Amino acid sequence: MNQKPVLRFGLPKGSLQEATIEKMAKAGFNVSVSSRSYIPYVDDEEMEIRLIRAQEISRYVEHGYLDCGITGHDWIIENGSKVHEVGEFLFSKVSRRPARWVLCVPENSPVKSVKDLEGKRIATEVVNLTKKYLKKHGVKAEVEFSWGATEVKAHELVDAIVEVTETGSSLRANKLRIVDELLSSTPRLVANVDAWKNKWKRQKIETLSMLLKGALEAETKVGLKMNIAAANVAKLLQSLPALRNPTVSSLSQSGWVAVETIIDEHVVRELIPALKAAGAEGIIEYPLNKVVY
Amino acid sequence: MNQKPVLRFGLPKGSLQEATIEKMAKAGFNVSVSSRSYIPYVDDEEMEIRLIRAQEISRYVEHGYLDCGITGHDWIIENGSKVHEVGEFLFSKVSRRPARWVLCVPENSPVKSVKDLEGKRIATEVVNLTKKYLKKHGVKAEVEFSWGATEVKAHELVDAIVEVTETGSSLRANKLRIVDELLSSTPRLVANVDAWKNKWKRQKIETLSMLLKGALEAETKVGLKMNIAAANVAKLLQSLPALRNPTVSSLSQSGWVAVETIIDEHVVRELIPALKAAGAEGIIEYPLNKVVY
Amino acid sequence: MNQKPVLRFGLPKGSLQEATIEKMAKAGFNVSVSSRSYIPYVDDEEMEIRLIRAQEISRYVEHGYLDCGITGHDWIIENGSKVHEVGEFLFSKVSRRPARWVLCVPENSPVKSVKDLEGKRIATEVVNLTKKYLKKHGVKAEVEFSWGATEVKAHELVDAIVEVTETGSSLRANKLRIVDELLSSTPRLVANVDAWKNKWKRQKIETLSMLLKGALEAETKVGLKMNIAAANVAKLLQSLPALRNPTVSSLSQSGWVAVETIIDEHVVRELIPALKAAGAEGIIEYPLNKVVY
Amino acid sequence: MNQKPVLRFGLPKGSLQEATIEKMAKAGFNVSVSSRSYIPYVDDEEMEIRLIRAQEISRYVEHGYLDCGITGHDWIIENGSKVHEVGEFLFSKVSRRPARWVLCVPENSPVKSVKDLEGKRIATEVVNLTKKYLKKHGVKAEVEFSWGATEVKAHELVDAIVEVTETGSSLRANKLRIVDELLSSTPRLVANVDAWKNKWKRQKIETLSMLLKGALEAETKVGLKMNIAAANVAKLLQSLPALRNPTVSSLSQSGWVAVETIIDEHVVRELIPALKAAGAEGIIEYPLNKVVY
Amino acid sequence: MNQKPVLRFGLPKGSLQEATIEKMAKAGFNVSVSSRSYIPYVDDEEMEIRLIRAQEISRYVEHGYLDCGITGHDWIIENGSKVHEVGEFLFSKVSRRPARWVLCVPENSPVKSVKDLEGKRIATEVVNLTKKYLKKHGVKAEVEFSWGATEVKAHELVDAIVEVTETGSSLRANKLRIVDELLSSTPRLVANVDAWKNKWKRQKIETLSMLLKGALEAETKVGLKMNIAAANVAKLLQSLPALRNPTVSSLSQSGWVAVETIIDEHVVRELIPALKAAGAEGIIEYPLNKVVY
Amino acid sequence: MNQKPVLRFGLPKGSLQEATIEKMAKAGFNVSVSSRSYIPYVDDEEMEIRLIRAQEISRYVEHGYLDCGITGHDWIIENGSKVHEVGEFLFSKVSRRPARWVLCVPENSPVKSVKDLEGKRIATEVVNLTKKYLKKHGVKAEVEFSWGATEVKAHELVDAIVEVTETGSSLRANKLRIVDELLSSTPRLVANVDAWKNKWKRQKIETLSMLLKGALEAETKVGLKMNIAAANVAKLLQSLPALRNPTVSSLSQSGWVAVETIIDEHVVRELIPALKAAGAEGIIEYPLNKVVY
């Protein structure tokens, strides 16, 4: 008897959970979590979802309990997990920057570089990463695992911390100064090495990757459409290279055309005044669910 | 003196309330509920909204206190209400399946079919429906009304329950086994029989039904747009019948066209890899508010 | 040394905060508020955001602590602030009506007009506005500042109140009667007089205004697209002037075209039945992020 | 082999749950509810707790699934359950009044007595109780089960309601008038008839009842202690009969004694001024956990 | 016809509401607030409660809409209300200190005294109090009403603020420095001047005051009881004057007595080690509901 | 210049935080936590509080950043911290049992003893404790740190877990079986070794310990008082040794005495029926704040 193949897929539990489930929905996979069961429902009979802390996903993908999973580059490195990296996802919508693990000290600390930490004590959630970094710089310091609220510790309990930041605003609020950056990290889709060799699983993972990337890409893109006199189109396109390969359609009003394209959302705020200046009218921007090149 | 006609419309209060108000907004009717008043505001002077428990709506439509309302097929049957059914709505987004009232017993119960319930006790919220079902099967059993938490009762307090489920995951979490299905139920728009005979009210209800259906339909559909070499269009459309009657527009890049269509969201995840394989580029998916055929 | 110019922009803190940040995001400016810092992050290095109570924004714009800000017309008048008004925004989505400051009394009060308030006591959050109004009508009455829950006071503590309302439903719930309207108010973007004279700041504010207006406009508009036999297009457009200047594209099915336009969302519910009647098929409505004419 | 006997005890789930568990703790039984299990923990190996809706407890006690339970007199009557009533508990702390099921109509309804309801429709949660009441008064009316928000229905959906009230303030807020009282109800401890015949169970239930009563009694009592000149004690006790059988102890200051007693909390506010007037000093009031006469 | 007299009593709405209702309950008056009615229930037919912002209570007591009310000394002064002050209550439990309105500037501000504020701008909720203070010091400065979040304004929007503080920790967290103290404020029970002349109302207010004071007093006191050899009592009492006028009772164990007294809770932590040193055993501390001297 | 000495005291942050602060208040130290500052306020100028995760407190006490702290015996062992143990506190009120770290497997696992884990993988928060335990039993297994939700992992991701439990109900809900117990743990007050040698600090810590113990002791004790005929006292005391060394006072009613004592709360439920049987009347139980022997 032939059992139906299933892909076991790990999603990050906790603070990223809701956002990830929303992105999965945009990718076309509706996941619903019940408080009564630790196995979420997904409307795809070929897939099984597990919600696991981001810190642990790469470990369980490596061991083969999961075929693939989404986790940060940082935790793959921290765990030293041997996994196949399928794809890297776009940065957060807010800052469009990756997460950064940085070495920090209080603003008024005498520590100016990693060298000044010789014989000191450092608190962090990423103990292995920090030890490797210190070794690389030939510095001997005590590294201790921090169970949370690491930023507060820098002022009293330890000499420095290694903490994650995106915009740096939480560090500033805690009056901390960045001494160095250890690692820049983005979310990754990783696969178990054996699963990746299995044809059915690999194809399923690749499709999943394409759809997720399409959904994430769509979060940073918008559709832009405008009317313009046909006579001005050539000039418009020439002067605004951001309008890559647009659709041009005729309008019912003769001599006018509609121009439509997909564009990075964050350039729209500079583009719209320029479009107006170039003679565009009735400019509309609309949201996208997926963008697959 | 001629008073302005008004349509009295019942919406389900409670767990479905927020979702229904959101769908009404998509249909074009903005409803806002104040904690200080039991009559919600709606931006249509020809309509009055009442929020009533889904279990009771069909009863008040039948009595004529409401001209129409949205409720489940299950409660129309349970109440035995004589109402005109105007429309049936699409299934839930998560599972795309209707709600099902099922006869359940603990996993390890000796009960294998309804016949084994002779002389037993059953707890349920749908007492009439359950009694009718037992009668049809010639089984005599005690049916008692359950005020809630019915699933827990199956293990200790009664011999079986009749409970509603969508994906079955809550039943599995409670270690219950489905013995039989009594009824499959979807949301309906129902009208009072006399209101349906009134020309103004009927037209208003039909428009409402069309817009609501359009909004619900739109939740399961998406817009899909892609660029493709004009030479490949015919093959693309032939091999992918899901792309029904698409719009084809010329692109500024000669020899290429844009193809656009509306499609079931849940097929997108299979379709996109196929489209890529067929030569499509720059595939985008965008959300819809309404789809009216 | 040349410092980079920065625009200091005040957004209303409190009940409107979340909605304003959402609109800013639609305008293309991603703002994130941290509980640890009173300065929100915005992904534009040329801008600094401050969250300040709507009641106070015009005052700090006048003083020059802010270059510009969003606040209501009511508070600009109440504060008597000398600021440059850059733009007025559209009304709320729910009622499409401006906020109104109204003079109210209990339903059964003998007060029929402002004249009946001679020698009485009035509670309000807008003390200056109310005093000016009384003076205009030659009425002498005591006006006292109300710290909140003003509606309740009308029944016991004072003779009348001046309170803000949008749909009037909260007044009705409190059994209050509107005697007169003092002011109708919409949100405004206001600039400091000197900032407006600075070329860089003025251009930045005008772009901001255009994008915000575009985002707000988009909340009340939708895109509408439909298929129709080419033969019927002329008649359709003639009979439905709401379909201003639509895009007309050919469909793959010969003899049919796609018609697309932007339209006020609240007319859609009347328009769709008419479009169906005129032979339109496959009507879809889709959401917009920005509309800039 | 002899199994240890266990008492199965039903506590009301839902709105009364937290208060009941707090009273159980005061009675000496610490119960903790886990979101992961439907069987609460209790620190008594001879007891098993079940949380069941108050409306259903008497039914499951009657059937023998529970040995005893706490529920309202109203639901015992509504269900017509044959159970042994072990004890009645004191009224709520707020109003010191029992719950009352009352027949209500809108303030301006023409209905003045139950007789005026002939041929009308009544909504209620207690259908049996209402039918019995109508029969007793020889009135024929339709009684329909209300799933909630019954008070709102009286104004539009039915002609009258039968609803529960304690202070009447919610009825007044809904502009309802009480026409008649059907039943006054207090919480009861009820036992299964067979369990009551079992010596071990009966003794366990009686102890439970004594401790619960002691805990509830203590909620309405306080300890009162004061110093007074020995010469004034006799007069004090004579003039204040509320000070039943007090403890009198000597103070270190000669000629003075301490008087201590237990007293109804709600008379303290009248008593203290009187005590002061009678020469008492250093009056203290302290809380009690249990009072068992 | 003789109507029953009623005392209209104002309690502070908002942040202090819950605490005040709890204290009222300890004083013997059970108040319950319904979300459906603005008039709270109280179990005393001679009293009517109104919940009003603390800032406004003295004004409505002065006008006679309330017979009495609880509010802060600060708001009585700010409003300049002519009311009779019946009693002052004890300080908050946390810090045992009154609230203080203080003039603050950023830590690094050049402002060292009120004199340095000449020509500057100050934000505060207590505009009148601040103006009076400036006048007293002969300083001319602009004072503007702050609608909230005043602490944040000190850094950017104004030159100084006048804000309320208890422990100063929020000021320190905002990096503000106290320049001067304007007013120290405790809660007061105030009466309308005419109500105070009415014999029935005055007696009712005085009883209320006595009971409330008793309840508040009890929050800072505890009962203390211990066993000690009779031979050591005299020495114990002599060396520990805090043990004022204790009750001394004989124990069943001969030669030992029990000593009991009421004491300030915050001295217990120093007292207990001393009592142990003096030979006391079995020391217990118990809570009190009321203490009336 | 002589600086005032201060004791730096660590309290567990997180799930135990609120309970610990409540116990501190009972001990006589009022602590208040501000969301704006990481240093809580305490009403003792000789003390500074730090809130730190229970897992880390012993480490910072060992390093001397804290003079003392409250943490579990488990984390002291897991961290291998060299600290002076000042006192052990009573068990939780609910179960009166210590926390236990137990080795668990799924109910249907073949693992019967630790020996069966050779070559397997174990997830736990206490990696060091688990490794030491395995070494003691001569078992080689992989131990991996679990970031949370450890119970769920036992079914799929690892072969066994080491998890903490109090009543075992969460383990049962997760269908896990306890194989062995590694450690039983209670909360401890620990001091830094040097701080303990400092006379002032040691005395401060000892007082703190006495007061905290007194407060915790009081949570499991109650005061019990009853009236009884003087003739029956001797018999009562003889037959009920739980009534240790009670106070006996005369009542105003001749021939009767009041008997009062302190007793374990959890024996009250057995004691009260016995007291009634022995002739006691008017039995009252009252709560305690502190009990110091």
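Letters A, B, C, D, E and F mark the chains as written, and numbering starts fresh at 1 in each.
Keep in mind that, in the parts below, a contact is a pair of C-beta atoms (placed from the backbone, for glycine too) under 8 Å apart; a residue touches a chain by one contact, two chains touch by 3 or more.
From a predicted model like this one, the values you see are computed outputs, not experimental measurements.
Separation of subunit A from subunit D in touch steps, taking the shortest path, is 2.
Hopping across touching chains, the smallest step count from subunit C to subunit D is 2. Rounded to whole angstrom, the centroid-to-centroid distance between subunit E and subunit F, based on C-alpha atoms, equals 34 Å. Each chain gets one centre point, the mean of its Cα atoms, and the points for subunit B and subunit E are 56 Å apart. Looking at subunit E, one finds that residues 249, 286-287 touch two or more other chains.
Contacts between chains form some other arrangement here, matching none of path, ring, star or all-to-all. A list of each chain pair in contact follows: A-B, A-C, A-F, B-C, B-D, C-E, D-E, D-F, E-F.
Residues of subunit E touching subunit F in their complex: 93-96, 167, 169-170, 172-174, 222, 227, 249-253, 256, 258, 265-266, 268-269, 272-273, 276, 281-287. Residues of subunit D that touch subunit B in their complex: 13-14, 38, 50, 52-53, 55-56, 59-60, 63, 65, 121, 144, 146-149, 152, 156-157. By the touch criterion given at the top, residues 27-30, 32, 34, 36-37, 39, 41, 43-44, 207, 210-211, 214, 218, 221, 223, 233, 237, 245-249, 259-260, 262, 286-293 of subunit F touch subunit E in their complex.
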